[in-house]
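In what follows, chain A forms one complex with chain B and a second complex with chain C.
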Partner chain A sequence: AMEERPYRSASGAALALRRRQHSASCRELAVCCPRLQLRSLSAATSAVWLAAYGLFVLSENSVVLSAAIFITLFGLIIYLHFVKIDQESLLVIGSLGIQVTSSYASGKESTTFIEMSRVKDVVINEAIHMQKVIYYLCILLQDPGDPQGVSEVVPLFQSSKPRLDCLIEVYKSCQEILAQRKTAPQSS
Partner chain B sequence: MVLKVFFPSCCSSAESGILIGRWISEQNSAVILAVVHFPFIPAQVKQYLSEVQRVSKVSVCVLGSWSNSKQEKEENLTEFLEDLGTIFSHEPWIQISKEGDSKFWSCSTLQKHSNNPKEEEIILIYYDQRKVMLSHLHPPLDTATSADPKAEDASKLSAIFDTVAKSKILFMTDRYDDGPIKLTHWQSDGVEASIIVELMKQASVPACMLLTFLLSLISGVCRSRVLKFWPLSFLWSKLSTCEQLGHRLQHLQVISSNKKAQNQTQLMRKANIFVSLLVDVALGLLLMSWLYRKNRIGHLADTLIPVADHVAEELQDLLQWLMGAPAGLKMNRALDQVLGRFFLYHIHLWISYIHLMSPFIEMILWYVGLSACLGLTVALCILSDIIALLTFHIYCFYVYGARLYCLKIYGLSSLWRLFRGKKWNVLRQRVDSCSYDLDQLFIGTLLFTILLFLLPTTALYYLVFTLLRLLVVIVQGLIHLLVDLVDSLPLYSIILRLCRSYRLA
Partner chain C sequence: ENSPAPLPERAIYGFALFLGSWFGFMLYLIWAYVPETWLFSLGLTYWPQKYWAVALPAYLLVAIGIGYILLFGINMMSTAPLNSTDTITDNYAKKQQQKKFQEEAIPALRDIPISEVNRMFFLPEK
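Coming up: the complex of A and B.
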């Protein structure tokens, strides 16, 4: 079953949360970020080209113009491949692990898989970011030496930064699956 | 707990048969390694599995049944498959079936002696057998040293990776072999291997033995007493070329040793050294081919003498400047003249020696350039040594200036203590008061004044020559940095990470 609901990010942009339940112990939650706007793209390109034209008028060297074209092209490619994230998703499979996927605008996907034995808990934390206080969801990893300790904190949805209502939905879904591993017997 | 079944992606189009693999009971997961097709004799299957278990030390057993029916589902097939469960008793008996062109599979388990009658959930995980076999999941270093029970908790998935990696013997037979058992796994369409790799593996053993023999000869010669006499050993220790050659000899010894690498770090180190040697020699040969074309050696030799002359002239100008009123400071004329003339004469001697050597420079350079075929690092070390030899006079000047300055400071500090009526007690390593005689005080004060007023002159000479020496040391240091970079850059690891990152997990 798949549901999609609109939410907002911390900076006010419109996001969509897609929840998909594959089975009783497997859920997929995906946050879709807003796409690259045409107006910001044209604004950036025009700014670079105006600056290049100004330099060309000053220096009478046409290399400046071709350099500006190359810079715009490479900058756009690098931005789409390394910076602009389209969708961040969380796949929680009970007793196997949690997979965090970020898909970039150029189609590149980077995934991280965390085994269930390393996951201590999934919590919502507060953070002070510039002049705002934002909430973020993170996975707490177990310290192998100390059963009560936390060795690492893995923050999720870092580039889309959804607001608290969206995070609460994701948190509830994750906790339903994580709770199963406490009730199920440890070994058969 | 949820039952996890790891199924290889290459078996998804296989014919019906039984599943063999490993059952990991503490994680409630089944790792399926291959599918055995009909017809088979159960006794032969059990014998084959026990053989595989003996060789690979992985407890392989029959886990369940797989049915891939292209036509309609047959009722007797299901009963037949269930009956198989009684022949190969395994708890739980996994049944996976795929119908015709449907994308959906059905997976169910048969538990005969189960306590809880309720249906447990099954997760089917599809894995790429070849990549999982080649990947190594290394445990983090701190848990590897801790006690065994803790290490088992560290990573449950590493058991899966290990199972597939250790079962290589299972993947040796393919469907073209005639045998009682017909298997399907990732190599079943014909064993994939590279002829070049196999040939290199066969050729590497005699090559290693030959290399070890040659290296033992060379190191025996190097260690002989003839080369250990005092002037020679001092020379060897000062020249960086000899050090670099010794370093490379050590590397070659590491590579050509007969013992196989014990663990992953040793294997990577050997591979990195091998790749770095290859790259070094290739770059050295490239340099040689560039150098020996169009008589570049001749040009180099022709420009060497004028450059040395030019440096000497610049030094002479510098000394004339120091002997005058450098930067507006007023020097002590007599000391200035003495030091300046002494250094000038030194430069004159140096230039005469260089001119004496000039007919032989080209030949020496030609033969020395041949050693670049041993590697780019050796060529760079030779360059650094040539620079050191050509600027030997700067080194000498620095030593003279430093000694003079050091003596002066030493004398000044001791006489300053005398001036204040104190003395350095060597026995107790501290400053004590002491009563001096009148004539001791008189001469001491006189000497102190002389040394103090001569201080600026000596300090200036010291400063100038130290800066020059620093310049030469910086140039040599940059060359050595480049040599160290070529020596120790782990190129093999970098290329493996970029091209075949699944092998580094």
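Coming up: the complex of A and C.
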């Protein structure tokens, strides 16, 4: 069953949280960011081209204009392929692990898998980020030497930065699956 | 003993500083405005170049302006990034000793692990 609900990001942009239950111990949670707006793209392109035309009028060198066209094209391609994130998703499989996927606007997908034995907990942490205090969801990785210790913190949903209400939904879903770890211990 | 109330010694220090700063300011004005030839004729030949009478205040103002930006930048650099364990715990919390639980006493102060805090805040109480 799949359900989708609207939320907001920390900066106010509209997000959508898609929750999908594949089985009793497997859930997929995806946060979809707003697509690249045509108006912001046109604004950026016009600003760069106006600046280039101004430089051309001052310097009488037409290389400035071709350079501006190339910069705009390559800048857009690099932005769509490396910066603009379309969707960030979290796949929690109870006995296996957690998979974190980021899909970029150009179609590229970058995936990280963390096996369940390394996961200590999934928590909502507060931290200072760019003169603000934000809530963010993160995976705490187990320290192999110390059962109480945390070796690493993996922050999730870094580009979409959903607000606390969305994070609480994701947290509850993850905790339901993580709680099954203790009640159903593995036979290995 | 360490009160900020006025004392006779403090009044004397204050007046000495007041006289000293006025004297320093008058000396600076004389150095900046009196022509070199007049100073040479008085026998004062080894004073610094008058260039510095303008350069030093300029340097000072720029340094103060940069200091604002520098302090801001140092603050941003010292903030722990989102993926560091410093946002969750620190050496004091790791080494804290668990005090024995006593019946009907207020529990001892301790650093509560973040998992427990999260469960209390975000999971509904049954």
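Here is the rule we use: the second predicted complex is superposed on the first by the 186 of 188 C-alpha atoms of A that agree within 3 Å, B and C clash if a C-alpha of one lies under 4 Å from a C-alpha of the other, contacts with A are read in each partner's own complex, and residues count from 1 in each chain.
Everything below uses one rule, namely that contacts are C-beta pairs under 8 Å (C-beta built on N, C-alpha and C of every residue); 3 or more make two chains touch, one makes a residue touch a chain.
The structure presented is a predicted model; accordingly, all values stated were derived computationally and were not measured.
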Chain B versus chain C, judged by how many residues of chain A each one touches: C
So, does A:121 touch the first partner chain B, the second partner chain C, both, or neither? second
Quick one: is A:154 in contact with chain B, with chain C, with both, or with neither? Answer first, second, both or neither. second
If we overlay the two complexes on their shared chain A, which of chain B and chain C does A:129 touch? Say first, second, both or neither. second
In the superposed arrangement, which partner chain does A:94 touch: chain B (first), chain C (second), both, or neither? first
What is the contact status of A:25 with respect to chain B (first) and chain C (second): first, second, both, or neither? first
Touching A:165 in the superposition: chain B (first), chain C (second), both, neither? neither
Chain A residues touched by both chain B and chain C? none
Given the complex, residues on chain B that touch chain A span 1-2, 4, 25-26, 28, 121, 123, 125, 142-143, 146, 150, 153-157
Write out the stretch or stretches of chain A touching chain B in their complex. 23-26, 93-96, 115, 117, 144-145, 184-188
Mind pulling up the chain C residues that touch chain A in the complex? 76, 79-80, 82-85, 87-89, 94, 113-115, 118-119, 121-123
Quick check on the complex: what are the chain A residues that touch chain C? 120-121, 123-125, 127-130, 136, 138, 140, 148-155, 158, 168, 171-172, 175
